[in-house]
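Notes for the one structure printed next.
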């Protein structure tokens, strides 16, 4: 059940990603429509974060390529925004909420230039959108998990991009924050932005997303929510890994090098 | 006995400059969790110093700084090579690289003992006490004053410029390297530039405080200051303040017990660090199980 | 040469002592170091080795001479304090492990240097002996030192051997150990004690600054030769002993030369040799097997070209046709042809390349694997037929007969691949 679209905002062509010698993503081949809220679902170790990282160029694929707006990543960096997993940074870092959100503007600012009034205004309006105005000068080490998540989303908003990739933005977040974030994402897609979210909860996914991608080391499904969300697809996604795929992965691990790299 | 004369001023002034340069770089090294890499670099530049010394025939030559700079970057690259190509884990790569390069440096010092006026002691403790008599005299015989002070001023100026120019990039790459590379900021290049500044600072300061004690100034004041603040600018200011305080008290304490000034500076910073830990640390609770391992595992999981 | 013979024939009993000593402490440090390397705590060893300096100086001040008992106890005490502080600060402040280790290391070393200069200025004639602790001087180990250092080394080796099971658990899976009722806290404490002891005895030979190498490098180097813990410890010990004796020998012929740096250079040389040339894991071996693999894939592709010829009804291909199918790879192609002829898969008649029966069967096998995998990608992973070729092109070289059987069964012995091409079997005649 893989639906391909014309004029996709994101096209992934036959992507294989390995860490050292073990392939973690096999043959992902999909295209995504613009202006949608898209969820990536799958069990632990299914390669969800890896897929996002490969799209963002943070891991080098063994083969295949990614095109955004029909261009390579380097050409459109400023149009893509990224929310990493909350645990990927040390929140003891000495920075205020405003400092972190302003980081989102650094990409457009360029080397050596200092952020000024304009950048500060962008950051403040983004903080307003995520409902964190009262925390502007708070140190990030003093935030709760949900607040940290909102700061990260505000930082991504400050990038003023067209495509947003978010790695588990709902992880460790309370129900009210989750709803608030979800509404924000809905508003963004209504304005024509595309938002891709790695998500772990099937039930809320059914309500949240327009389009769903299901992963389990390989691409199980990609298509509109109502077409993809079926018991069969969920069983394929969560019902254990493909036996042959794990066997081949083991075979490759035993080699002294990665034969998938060209 | 405790006097404040021109010599005392020069030594304290120079030591403060060095402590501030080290502290500024040290703040970012600490925030990147690369303090041990800084330690490794300060050991690893030794062969560069010796070879530069040998080629130029004096420790004043530009060759010494170039040699050390090359070795500093070389060490960073070797650590990376071991990690990526030979697949050695990071801590071991650091350990292997710096011990080998430092060992080669010591061997070179011994082999070239008659040609190079460098000894192991100088490498270890530095000679800041002799600073006022080590003068920079031009060819025409004009006396500019102590040479090492000029080096320290130049060093601080360069470190200061470097950090204020790249402040935004250094902060971002220290906090979230992935995010910065996603935005197209050359995080690898910035990292290498920071390592080069650390190597240069090590060389520029080693005559005064010894190559190994440079590490203490690089690492201890930022860690101490970080225990007292959650904000970046106060962290930097406090680190600089600590550097000056350490220079003053280190000088007078060394004077008092007739000991190495550089060693005493480290001792003072150590006392400040331990005191801060005791004041700011949570109440101790004694268990057999050292919580170390679990914490570390949790951290590694996060990084995956 | 004379020196060499004199040293290695062990005519001099003091040399015998020194060699025994360096062997024991090399083994002890390598054993402990290998565990801490596996535990990913190599740099803690570095911190401990710098941290024993103030203890050594205090021991010296208290004893007024280079008394091994005072020095060992002092060193142990300050090493233990450093270890305790490191883990206490880790769990009670927000500082990262890295900053703590670096801070503790430099603070203790700084205190050591202060004490050292104090002793130096006190004019104690025994001072010269103390300097050896910084860069090591194995040749200066006296008989009475040896009893203590050697004794401790034997103690370390015996404890590590006795508790091998417990320490492996500590390194590999402490939570599991705790769950099955082992006192993991106590085991960690014991291990830390052994690590500090190993550092304390090692510094006589290597010196505080470079002691980390003796803990880290042997284990890291040995890791390239084996995956088994027992062998790992033996190889690490061997590397460490060889380097120790080499360093001692150099200190013997060049008396002003400290031992430590030479031991480290020798160890690092062994390590570099292992990284580059160890079978299987070494860089060279990985490069060679990769290159071999690439040659094999090229031969496979050549056979496939021959098979495609057969499918089109050509009993043979001309050599030019083959060169044309692999543009810009003429010399590689020529090599592949030669090697295929040698293995009897094809024969060459003037300009014509003709597959043998065996060659036909091998070519069928590769094409079969290629097409089976394409079908598998298409059916089980929902990949469009025009996107399956590239991956199959890679996997056809690595699928084993066992995998082939599985694929056949899973796909129910299919006749056609997603491009409607025949999946060739051995009984098919072309």
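Going by the order they are written in, the chains are A, B and C; count residues from 1 in each one.
The rule is short, and it goes like this: a contact is a pair of C-beta atoms (placed from the backbone, for glycine too) under 8 Å apart; a residue touches a chain by one contact, two chains touch by 3 or more.
This one's a predicted model, so the numbers in the text were calculated from it and none came from an experiment.
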item: Chain separated most widely from chain B, comparing mean CA positions; value: A
item: Innermost chain, taking as reference the mean of every protein Cα atom displayed; value: C
item: Best-connected chain pair, where connection means C-beta pairs in contact; value: B-C
item: Centroid distance [mean C-alpha coordinates] between chain C and chain B, Å; value: 30
item: Inter-chain centre distance, chain A versus chain B - centres from mean C-alpha coordinates, in Å; value: 39
item: Whole-Å gap separating chain A and chain C, where each centre is the average of the chain's CA atoms; value: 36
item: Chain C, residues touching no fewer than two other chains; value: 94, 96, 281
item: Shared-contact residues (touching 2 or more other chains) in chain A; value: 90, 141
item: Multi-chain contact sites of chain B, meaning residues that touch two or more partners; value: 33, 87, 226
item: Chain A partner contacts - residues on chain B that touch it in the complex; value: 31, 33, 87, 165-169, 171-172, 174-176, 178-185, 226, 229-232, 235, 301-303
item: Touching residues on chain A, where the partner in the complex is chain C; value: 1-2, 4, 13-14, 16, 26-27, 29, 63-64, 90, 92, 141, 218-221, 242-244, 247-248, 251-252, 255-257, 259-260, 262
item: Chain C residues within the chain B interface of the complex; value: 37, 40-43, 45-46, 85, 87-103, 105-111, 113-114, 116-118, 121, 134-135, 174-175, 178, 183-186, 188-189, 192, 209-210, 212-213, 215-217, 219-220, 223, 256-258, 260-262, 264-265, 268, 271, 275, 281, 283
item: Chain A residues touching chain B - in the complex, by the definition given at the top; value: 20, 53, 56-58, 74, 77-78, 80, 82, 84, 87-90, 93-96, 99-100, 103, 106-107, 109, 111-115, 139, 141-142, 155, 159
item: Chain A-facing residues of chain C, complex; value: 94, 96, 280-281, 285-286, 289-290, 293, 376-377, 380-384, 387-388, 390-391, 394-395, 397-400, 403, 406-407, 410
